[in-house]
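Lettered A, B, C, D and E in written order, each chain numbered from 1.
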Amino acid sequence: MPRFRHALSALTLAFAATLPAHAADLRIGLAADVSSLDPHFVNIAPNIALSSHLFESLTSVDANGKLQPGLATSWKAVDPTTWEFKLRRGVKFHDGSELTADDVVFSLDRPATLTNSPGPFTSYTKPIVAKQVVDRYTVRLKTATPYGPLPLDVNSIFIVSKKAAQNATPEDFNSGKALIGTGPFKFASFKRGEAIELVRNPQYWGEKPAWDKVTFRILTSDAPRLAALLAGDVDAIENVPTADIARLKANPKFVLAQRASWRTLFWQLDQWRDNSPYVTDKAGKPLAKNPLKDVRVRQAISKAINRDALVERTLEGLAIPAGNIVSPGILGNAKALKPEAYDPEGAKKLLAAAGYPDGFALTLHGPNNRYINDEQVVQTVAQLLTRVGIQAKVETLPLSAYFGKARAGDYSVALLGWGSLAGDFALRSLVGTPNPDTGWGSWNWGRYSNPKVDQLVAASLASVEPQEREKLAEQAATQALKDYAVIPLYHQYASWGLKKGIKFTPRVDEFSFAWQFKPE
Amino acid sequence: MNEPLFHARNISQSYILANGWRQRRSTLQALDDVSLALHAGEAVGIVGESGSGKSTLARIIAGLLPPTAGERFWQGQRLPDGPRDGIQMVFQDAASALNPRARVAELIAEAPRIHGLITGDESDFVATQLSRVGLDPQLAQRYPHQLSGGQRARVGIARALAVKPQLLVCDEAVAALDVLIQAQILNLLQQLRRELGLTLLFISHDLGVVRHLCERVVVMHHGRIVETAAAGQLVGLPQASLSRS
Amino acid sequence: MSRRGWFSLILLAALLLAALLAPWLASQNPYDLATLDILDARLPPGSAALDHGGTYWLGTDAQGRDMLSAMLYGLRISLTVGVLSTLLALTAGVVLGLLAAWHGRWVDALIMRVVDIQLSFPAILLALVLLALTGPGVSKIVLALLAAQWAYYARTARSAALVECQKDYVAAARLLRLPTWRILLRHVLPNCLPTLLTVAALQLAAAISLEATLSFLGLGLPVTEPSLGLLIANGFQYLLSGRYWISVFPGLLLVVVLTSCNLLADALRQRADPREAGR
Amino acid sequence: MSGFMIRRLIQALLVLLTMSALVFVAVFAIGDPLALLVDPQADRHDIARVRAGLGLDQPWWVQYARFVGAMAHGDLGRSFVHGEPAIRLVLERMPATLELAVAALLIALLVGVPLGLWVGLQPRSWSARLIDALSLLGFSLPTFWVGMMFIMLFGVWLGWLPTGGRGETTLWLGIPLSIGSLDGWRHLLLPALTLALFKCSLLLRLTASATREALRQDYVRFARARGLHPARIVFVHVFKNILIPIVTVSGLEFGSLIAFAVVTETVFAWPGMGKLLIEAIGQLDRPVVVAYLLVTVTLFVTINLVVDLLYALLDPRVRLRSRP
Amino acid sequence: MSVLDVKDLTIHIGDTKSPAHAVDSVSLHIERGEVVALVGESGSGKTLTGLAIAGLLDPPLRRVGGEITLLGEDLSALPERQLRRRRGDRLAMVFQDPMATLNPVLRIETQLVETIRAHRNVGRSAARDEALAMLDEVGITFPAQRLRAYPHELSGGMRQRVAIAAALINQPALLIADEPTTALDVTLQAQILALIDQYRRDHGTAVLWITHDLGVAAGFADRVLVMYAGQIVESGPCARVLHAPAHPYTAALLGAIPGSVPPGTPLATLPGQPPSLSPPPEGCRFRARCPRAEAACIAAPPQVAAGEARTVRCFFPLVTPP
C-alpha cells in the first residue's frame, strides 16, 4: 500500500475503494448510545431518536421545530380543556394490524405504568386527566386547566401497538419482539453499544425512505466517529467534532450539513442568597452582600463576555451568539433581543456603579462532558471576566455530579444548555418561580423570581391560540432577559458530516433521522 | 558452689510443618527432653551432625527461641523467655551476624552505650575491646564488608564480650573459616576464656575442634543427648569413622 | 551506580528542578487567566503572540495557553502527585510490613491477608472507583494512589524484613537487648532500603502514569490543575485534525519522566543485586 | 487444596463486598443518577416516584443491605439506564474484552519471551542492548498515550488500520468474536498492540532476568560439564525453569490486562466491559458498576486459581504429591 | 602416558589492564586410576584450575596460557564444539552443592539419559537401562523408582550420588571433583569418598580431587598438591607430604588442625592474609606470612625444587625433596 501523507484524503482513498456501500444502504454514526429500545422507558434523546424511526406520535415536528400532523391528521381544542385528535386512517403497524384509538389510549397510559423507569415520560402524559375514545379514529384528551402545549407534549409519546406491547418487558423490546410501531422503518437487529440495524417498512403510509437498510453505529468518542466517516465505514455522522469541522469542509469528498440547533447555552446566576457560596472578594473573604443580586453586575458580566471570540475561537464557529433563550425560528424567540455587545469598558463602569470598582472573585461551574467544548467555554468566559476585574475560577465536573449539585443550588454561577421547541416551556423551567409541586422553575438554579414573568408564561401556556401564545411567550422572554435572569451565551450549532452524494436536511432538534438523508 | 551457673531442664522443641496445598500437618521433633547444666568457668562442647538439634539448643539456651517445653535456670533462678544479660552468642556466619550498614565502632559500642556500660570515652572503649580480640583499633571506622573473614569473626566476639557476659555460646563459630583462621580464633577463645573466666558452650560438628577446646563433650543425635563425657574419653560417636588423623 | 543510573538520576533532578522553578522558567502563568488570550488559541509551535511580543515555542492550546508553560506547571503537578503518594504509600507500607515481619503470628496474618486482598484487585480499578467516589483533586488522587499502592510496599517491606530478621545480626541485636524500635529502624530497615527504593522508583513511575491515565479518563485532576495527563487528554480531540502539539508535547515530557524513573529503578535494582551488576 | 480454594473464595467475597460498599457510598456521595435521567419537566412527585421505584430513596446502608440480600439470591439488580439485568449487560460485553486481553497477552508472550531469552543469553550484544533499552521505553509509555499515538500514526498518517470500534464479528460457539474476519482483525490489531506493549516489555525484562539468573545456576554449569548441546541447555534446562515465573506473571498480568482494557477500550471505542464501566460511572449506573466488579473479581479469582494450578504443574517442587 | 597433563596453566580475572593472576603457571599430571588431591584455602585458585581443565571458564575469567592434554589430545587447542564432545564423555566434573547441580524441574531419568545421548548414539530405552544400572552402581536403592523422581524428592546424599552417576555414566577417563563432600555430613562424606574410591578401582578412572581439607586428602589421595595464592607450592605423595611437609605453608596448615597439639595448648597459626593477586607480589607470594622468610624471598620468586617425587616452591624448605 502506498504511503500517503495527507491524512484525510489518504483515509478516504484507502477505504472508500475497499468498502463500497450498497447503493440503498445507509450507515450513520451516532454520537450517543441507545440505552433501551422501549420507546417509553427512558426519556433521553438517543432513545427518542431511534424510536422515531420505528414509532410515530400523534403529532410530528419538522426540521424547523414546527408542529406537523403525525398519526393524527388534525387536532383542535373543542373547549379550553378538551383536545380532539383525528387519527389517520389505514395506518398499519409493522405486524399488519391497523392503528386505532385503542392503541393511542394504551400508549398514553403506558408511561405511568413503567414504575422502574429512571426517566419516565410521565411529565408529558400527566396534564391529561382523562382520555376518551370517541370512535375508532377519534380520541379526546382532557386537561384540568387550559393547556396550550398539549399537541406538542403528545409529540413525545410514541404510539405502540397495544397487542404487541401489552405484556412486554424491556427485554422484549430490546430483542425486537415488542418493537411493533407504525414508523417508516422496521427493526432488524440490536447489538448493544455497537450497532442497530433497521430495514424499510414497505407499508409505510407516508413518503417512503430512500434506504432499504439503515445501520446506526454507536461511535461515542469523537475521534473514532470522525475516522469512521473518513474511512468510509459510515456514510454520515452526527456531532462532527469542532476540531475537525474546518478540515472536513475543505475535503471535497465530504459535505457538511449545519444549522443552529434548539440548544442555547447560558449562565444561571445565584439571585436568592445574600451570601453566595462561590462569590467572595479577591482575598477570598465573604462579601457584605451578593453582587449577583444587582442587575448592574449581571449586566456587567454579560457585557464582559466577547461572544464573537467565544464562538469563533473556542467553538471554532460552531455556534451563533445568543440574545435569546430559545433559538431563532422557535416559538418564543424575540427577534428584538440582540446578543449583548462586547463592551469591557462598559462592564467595568457598571461594576463601579454597583460598588465593585475593583471587582470581586467568583467561581464558574460547568459540566465537562455535556455540551460542545463545554469545559473550554467555561474557561474562556473565566478568562474574559478576569479581564474586567472579576477574578474567575473554574470548576467543571462530569455531568453525573454536576446536575445534581447544580439543582441543589450548590453553585453561584453555573452553565446550562437548554433545548426546547417552545419558549414558554423553557421559561417555565428556567426562570419560573421555583415550585416543586408544579414543576415550575425546576431548573431555575439561580432562583430568579418575577411575578410578571410567571404571569406571562402561565398565560402563554394556557393559550390554545398559537399567535397569542407566541406573543405572550416573547413578552415573557423579553421581560426575563431585561432582568438578566440568565445570561445567554450562544445557540449551539448542530453539524453532520456526510459522504458526498448524500443530502441531509439538518434538524433544529439535532436528531439524525434516516429518512431525512437522501441520495443526491 | 555446686549450683550450676546455667541449667536447662527438660527442654523440648517441636515445629509444626504445614503443607501449603493440602494443609496436612506433621510435627518435627527438633529437641526431645534435653537437660544440660553448665558450671561457672567450664567449657562444654556439643557435637552432632546437622539436624541433630544442637543449634536449636544453642538458641534456646541464649533465649532467642522459646522452647515448646522445659525451663532455663540462671544461678538457680528460673528464667523467663527471651534474652538475658550475661548470656551472649557468637554466630557461625560472621558476615550475616554483623549488620552490613554499621561501622565496627557502632557494632561494638551500641549495646554498651544503651545499657550504660561505657564510663569513659567511647572511642577508647571501642579501642580496648578491639585490642582485646587482637584487632587493630584503626579498624573501628570500617564496615564489615571491608574486613577479612577472620577479622569479622573477631568483631563478632568483641561485640559479644563488650556487654560483659558470663556465658558465651559459640554456635559453629569457626565452621565457615579456613583452617588457618580457625586456628587463630580457637586460640583467641581459649585465651579469652582464661583471662575473663568465661563459661563457654561450644557447638560444632567437628569433634577435633571441640576436643581441642572443651573439657566436657555432649553428643547429640536426633534431638537427644546420647552421650556426655570428658573430652578425652569419648566413645560411640556416630561419625567416629572419620575422626581426624 | 551504573552510567545509566547516574544519567537517570541527573535527568530526574533536572526535571524536579524544572518543576520547582516553573514559575520562573515559564513565560506565562497558565493559571492566571488574565495572561491568557483566547485569540491566541491553538497556534502552532513557534507562533508569535498576537498582542504581546512573545513566541509560543511549543504552540498554544484551545485557551491560548502557552504549551511550554502549561507543561512546566503540569510537570509540577504530576511530580507532586507522584512523589507525595509514593512517600505516603512507602511510609504506610514500611510501617505495616515491618510490623508484620517482626511480630509475626496474627498481626502478620491480618496485615498480609489485607495486602493479598488489595493486590488481587488491580490498582487502576481501585483508584478508579475511589476517585469516582471522591471526585477530582490533587489531595484526592494522592489518597487514591496511596490506597492503591501501599500494599506493594507492605509486601516488599515484609519479605525484605523477614529475610533480614532471619539473619544473625538481628539475633545478636536481640541478645544485646536493644530496644525493638531500635532494632527495626536502625538495623532491619536500612538493610531493606535498597529493595524498597527500587520498588519506590518503579512505583513512582507507576503512580505518575496512573495519575495521567485517570486524568485522561476524566477522573483525576480538575481542569484548572492540569497535570501532564490532563494536558494530553485535552489535546486528544485535536490529534486527528493535525493540531498534534497540544497532545504530543506533554506526552513526550511524560514519557521522559517515566523513563527516567524506570531507568533509576533499573540502576537501583542492579545495585541492590550485585549479581546483576556485570551487565 | 480445598482449604486453599475456600481461602481464595473468601478473599474474593471480601473484595467484592468492600468494593461494592464503596460503590454504594460513591453513588450516594457523587450525585443523583436521577438528575441525568429524569425528564427536565418532571416535578417533585415524578422524581420521588422514580426514586422510590429504583430504591434510591433509602440511605445507602439500607440500599446496600438490600443489595447483599438480593445478591445472595443471584440478583444483581437492573441497570438504571438500560432497565435490563446489570449482569447480563456486563456478560454481553465480556467476550469483546476477553478477546482483546487474550490477543494482547498472546502478542506480549510471542514477542516478549523470545526477545527476553535473547537479551538474557547475549546481554552484551548490541542487539540485546538495543532491545533492552526499547523494552525500558515500552515499560515507561502510558497505555493511553500509546493508543493515541497508534491512532495518529497507523490510523491517520499512514491510514493502514481503522482507529476504533470493533468491526465485523462472527459467532464462534455463540460468542461474537473478531478473529473470524479480516475486518475484525484489522480492528483488533491496534487496541491489542496498545494493551500488549507494556506487558510485552514486562515479560521481556522478566524473561531476560530469569534467564540470566538461570544461567548462573550450578545446574547449567553441570549441564555444560556433561557436554550437553547449548540448544538443549537453553531450550530444556533454562527454558523449563524460566517458564515458571513467566507463566505465573502472565497469569497475574492477565488480570491487570482486563483492568487496563478500561483505558484501551476508551481510547479505541472498543465495545467491551471496560467501556461499559466508564459509561456506567459517568451515568452513575450503580448496578452495572457493581456487576462489573463482580464479574472482574470472579475473573481474577479464576485466573489466580489457574495460575496456581499451572504453577504446580510446571514446578515439581510444589506439585501435589500422589498418595504414597 | 598420563591421563591428564597440565602445563603452565595461567588464569586471569577481570580486565586486561590490571587482571588478578588467579592461577599462575600451574602444572600437574594424573595417571590412570590415580587420585590427586588439590588442596588450598578459599581463593587459592584450586577451583579455577578444575574449571579450566574442563573448559568451563566464563568471562571475566580467562585462560591466558598453558596446555591441557587429555589422553594425548591438546584440549586447549580445541574449538568449543569439540571440547563439548569431550566433556561428560572423556572427562567429567562434579560440584560442591548437590542441591544445586541437578536441574530441579527435570526428572532424574531425563538428566541421565540426556547425558548418554549427548555423546553416544544410543536409543532412548537402552539409555534408560544404562541409567538404571548406573544408579544401582552408585548405590541408590530402588533405582527404577528414583529414576522417575525429581531432585527435590531425594536427600542431599542421594542427590550427590545421582550427580556422580550423571558425571560417570559415559565412563570418563578423568573425574574432576570440586569439593563434592564439603556440604555433606561427615558420615555421608565418608560414603561418597568410598563410592568414588570403589569406582576408581573398578574402572581405572583418574580423579582430581579439589578440597580445602587436608584431612580428606590424607585418607584418600595418592598424591597431594598444595596451592597458595594461585601457585602450587608443594606436591608429592600424600603420606610423605603430610608427614614431613617441605613448604612452611603446608606445615602451617598441618599445625593449625586441632588435634595436632595437646588440647588446651595454642594451635600453630600464621599471621596476616593471602596477598592480593592484582598484581601478585614480587618474590615469594608467601613471604609476608612466612616465619622463615629472608631477604632472598623478596628479591625473586622461588623456583620449584623438584626431587624424584616431590616438588617445593621455596628457598628455604623444611626438608629437601629427595
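Definition applied: a residue touches a chain if its C-beta (ideal position, glycine included) is under 8 Å from a C-beta of that chain, and two chains touch if they have at least 3 such contacts.
Everything numeric here is computed off the predicted structure, so don't read it as measured data.
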Minimal step count in the chain contact network, chain A to chain E: 2
Steps needed, at minimum, to go from chain A to chain C via contacts: 1
Most remote chain, CA-based centroid, reference being chain E: A
Top chain pair, ranked by number of contacting C-beta pairs: A-D
Chain B and chain E, separation of their C-alpha mean positions in angstrom: 33
Distance from the mean Cα position of chain D to that of chain A, given in whole angstrom: 38
Cα-centroid distance, chain B relative to chain D, in whole angstrom: 53
Contacts with 2+ other chains: residues of chain A: 7, 223, 227, 369, 398, 401
Contacts with 2+ other chains: residues of chain C: 135, 236, 239-240
Junction residues of chain E - those touching two or more other chains: none
Parts of chain B lying in touch with chain E, wherever the complex brings them together: 49-50, 148, 150, 178-180, 182-184, 186-187, 190-191, 205-206, 208-209, 211-213, 231-232, 238-239, 241-242, 244-245
Interface residues, chain D side, partner chain E - complex: 217-219, 221-230, 232, 236-237, 240-241, 244, 314-317
Partner chain A, residues of chain D touching it in the complex: 30-46, 49-50, 53-54, 78-84, 89, 92-93, 151, 155-160, 162-166, 176, 266-269, 271, 275-276, 279, 281-284
Chain C - residues contacting chain B, complex: 167-169, 171-179, 182, 186-187, 190-191
Interfacial residue positions of chain A with respect to chain C in the complex: 7, 222-223, 226-227, 241-244, 246-247, 306, 309-310, 313-314, 368-369, 373, 375-376, 379-380, 382-384, 386-387, 392-398, 401
